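You will see subunit A twice below: alongside subunit B first, and alongside subunit C after that.
Showing the complex of A and B:
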């Protein structure tokens, strides 16, 4: 049996301080002497990508032909990466299932077993070192949430879910600030910002004649350590872009008041006037899993065993609170049997449960659930109605 | 200013609700991005209703869920009305459960383009209704081949199918928005036995989609709701069209046209072709 905790040999052994040591390095907040923003020209950017491609998995948003949408795909060379235009969220749309799926895959083999050899388990190879380019600030915030959630304790940032941790420790997130948010974006209403750095290692801003690169962690700083330091003019340009982007997001949500109102319905689940509100709100919902699967913070999974011709494996697979099977007991009893109780659970999770569990909302305002809902349900409208209809 | 059809729908909804002829009017209201199903119960809310090319969702899917409330008024495009016929054929609905406000449809938009299913629509007008609102629409003259799997080469068809379903994330949006998918417990949701694995590996995805397509045989009205709902842009309609075409060739049946007919795969006929039985 292979030890799960075994550290994979990564790009370690490189010169300290060079960009190479970033890969596999620690996610420590950047020290003040290395925090200076840098400037990356397209040529430098390409060189950085090609160096990284040579030694680890590099992912970047790529237009997928079949779906016409942008998805993080593994890239083989800098020529495949087009970060230009990506900061215009309104035009290019949201970024599919990833990055969540690169840290918390939809199907993950936990171990292999053989019924003829009881007690013997073989764990898969540890995950590969990976660098993600073009991560949106909302998705960075979502990863920060997942870090806290999978750490199991609200007072620790060290993830304790070993499968999540194994991937997270080998991941570098290079963000790209959103210069023009989409009309479905509402990160500012839930504590984020189109130029936020939470969860990221490095934040790029597209200045149109190059990228401003702001290190957030030592890992991020090492990637751009040998790039020229940005000028005052560059910083001012970035500031203007960030302010304009921020102003474009006008949705506000009184999340504290919302939580108080939601919490009052905890004891009355399934009955009373609040239940009627949930019923009315959930009518257009068909309880598919689109919103939860695309949500960058939804993290529920089921564990399933598979056996075929004497070889078996235990896997964890994404699950959704919108499915009847999710909460059905072995006895057949289902405490969340009605469609509206499942609709309610998603909203409660985002704006109440995780605040109680890990001290954070689990909505980052990315807008994926809004644009992908087959029946046009808009979480902003849902929340607006709840604030109006539920007593504080 | 509301268009004519919207104005008539609003007026009739108000009248039907006020007079107590229906307890709920199932129609569309504008959403922030596209139209949303609307469940109107008070006459004064009828002014929320709209009808335009953003009204994609097949409202028949909601009828089995709200019919217990009483008689439901429903806005039905051509395809929605065929779904209602299918629900009548399969005893999921009684004719007196619904008051159908039929509307001729010029096709619905997806990402500002005419939805794939609407480009080949042969039944844009309601096939069953209590009232017809507005002018009848013209059927599409275009007959579309059934996508990549139309190729003569079975290897290519198989490759097309694998390529499409490999993207599936098993969110079941296709199933949930489909009026023909009303089973209380779907075969993928049984655990004892577990007919289909829960992973998104190709074999599990293929099994789900093959069974889904077969369950649609002779029952799919080609409204395209599944294709529009799919977040991974899987070309489900091509698969559905292929199955519909086979049913039409073998049984001369088109789904959801006459309430007194039965979908051919739900009945036995001794005269059915049986050449595949040795």
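Showing the complex of A and C:
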């Protein structure tokens, strides 16, 4: 009883029978009795956000003053959250909204040290509980991929990455279905869906007059447990929106055939005819690496030390296989010395290597690399050419 | 909290040995600062570890000592930022260590078979560990004939010279040390490039396993000779060194196709390498 009383106290201002400790629970699949979709008016939604803000870090799409573009920012109040039009991917764009950074920061301190005390290392404080609102289904799928890659679960020879895991265990992902995908979206071609729930804890669908909230995990269910259950009409409306969104994505990729073709090029003897294909495809590529930094499944990092006035820290910082230095040995020898070999490595990683490593493609069809490429390289066209030019 | 795989454990430099005339190769012999770390450290020849200097960074190196030896040895060429900083350290300095990482030489396959070791330059380190391990009195009966071909550019560039001179006397080991040019030196006795010397020595391939480690150019010319001698690709093993940052299959740098040198290697059979892009 005491614990309950305390909970009430910390969640001051909440209604009777309210959401209790909605964050920090297990990411296990939602039980059937808690899986019923709920309905949230904007007022309910705002109340949910404000309750969470009092308890943990809440990130949501916010219109950034300088650019007017939406970005995930830590918010202090529901009034900052911009959800209107968010389900319209073409208008909002993808580039500003990057949940990856909140689970796998671009720079992350591994530990602090002092060079005058060799051997003494202090790890940073554990990360805070965080809830992310407005995560796109493709990004949810990307987080599910990162979970597998960093966990070592599907690959017992590699240990779990404790820094990623610490953040992930303290994160709740609230997705928002894409009602109107952008013309760069192709999630359905790579096993996703504009209303997919993979990797998410709760999926919201914008029904114009409110949000439909579908629990995916117990963590997600806890957020909306006291909201009214959605009506049949709400469900039908969601169904129509999801179907329309799905139909808007027309790209298809025979990923199995593509992997077979790519795998045939994995030979060490000579360059072969496939090399000419890669050279032609990579011609516009300047190896700037923007595709890899924006890619929600790209996860390479460098480890580097910083020291200033007797205080030091070892950090990990995003890196990109598109850069020459990425693979260059200390001797100067570089296994991927040519620009096209680096271009190939990225495409192979997405459609072949990670399937071999953890059993999953690492392209979720978000289309960020298409929007951001300074030279107009479109991964869909790249893949189409590979399917045409490489023998099965 | 589970053990942090990125966190190095403290080790003390007990001994520093300059290994070559150019004075850019030094061996560092290390002891564990904490007894519990020493007890928890188990490795197999062929594995590698990261050495770490706070404020400078870290880098991976093959373990040059055998598990039976009291001190952990790394032989390091001064070539970049980290190795330059390491070369400046003296006995008594505390540095960091994490590992051991990677697979090892194929000990199960090697057991009961002849072992042929082919090595060039300063990559002899993990093969020295392998050789010392095989030659342990309790281990030696488990292997057939052992042949070692080890070459360097010049006599002054050979690693572990005193030890090699002792090993040359052993009746249970065929050790051929060669240099590209003798330049009038009276030791070693053989002049020639490693692949050519290998052809002359011609160890029997039947029931043998070959372990190869050396610079890319040596590896390129050694393969055809091993093939001539009758070694099938699944009996030839190479130890690779790609740039790497984490050692545990996360940072991405050392990939060769879908394999990571750090956790799927560093030892690969030639057979396996034939199915991977030539990115090493």
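Here is the rule we go by: the second predicted complex is superposed on the first by the 360 of 392 C-alpha atoms of A that agree within 3 Å, B and C clash if a C-alpha of one lies under 4 Å from a C-alpha of the other, contacts with A are read in each partner's own complex, and residues count from 1 in each chain.
Here is the rule we go by: a residue touches a chain if its C-beta (ideal position, glycine included) is under 8 Å from a C-beta of that chain, and two chains touch if they have at least 3 such contacts.
Keep in mind that this is a model prediction, so the values were computed, not measured.
When both complexes are superposed on subunit A, subunit B and subunit C end up sitting side by side without clashing. Once the two complexes are overlaid on the shared chain, A:257 sits clear of subunit B and of subunit C alike.
Once the two complexes are overlaid on the shared chain, A:333 sits against subunit C while remaining clear of subunit B.
When the shared chain is aligned, subunit C comes close enough to touch A:113, but subunit B does not.
Taking subunit A as the reference, the larger set of touched residues comes from C, when subunit B and subunit C are compared. By the touch criterion stated above, A:97 is placed in contact with subunit B alone, subunit C being left untouched. Of the two partner chains placed by superposition, A:41 touches none, neither subunit B nor subunit C. In the superposition on chain A, A:371 contacts subunit B only, with no contact to subunit C. Once the two complexes are laid on top of each other via chain A, the angle at subunit A between subunit B and subunit C, using C-alpha centres, comes to 80°, given in steps of 10.
Look at A:304: by the touch rule set out above, it reaches both subunit B and subunit C.
Closest contact between subunit B and subunit C, by C-alpha atoms in the overlaid model: 5 Å.
Overlap of the subunit B and subunit C interfaces on subunit A: residues 302, 304. The touching residues of subunit A, counted against subunit C in their complex, run 110-111, 113-115, 118-119, 121, 123, 149-150, 152, 155, 157-163, 265-269, 299-305, 307, 312, 314, 316, 319, 321, 326-331, 333, 335-336, 341, 345, 348-349, 352-357. The residues of subunit C lying in touch with subunit A in their complex are 1-2, 4-8, 10, 33, 54-59, 79-80, 83, 93-96, 216, 241-243, 245-246, 248-253, 255-258, 263-264, 273-280.
Subunit B makes touch with subunit A in their complex at residues 31-39, 57, 61-62, 65-66, 163-164, 167, 169-173, 175-177, 185, 189, 191, 197-201, 225, 228-229, 231-233. By the touch criterion given at the top, residues 66-69, 97, 106-107, 183-184, 280, 283-284, 286-290, 292-294, 302, 304, 306, 315, 317-318, 320, 323-325, 339, 370-372, 374-378, 380-381 of subunit A touch subunit B in their complex.
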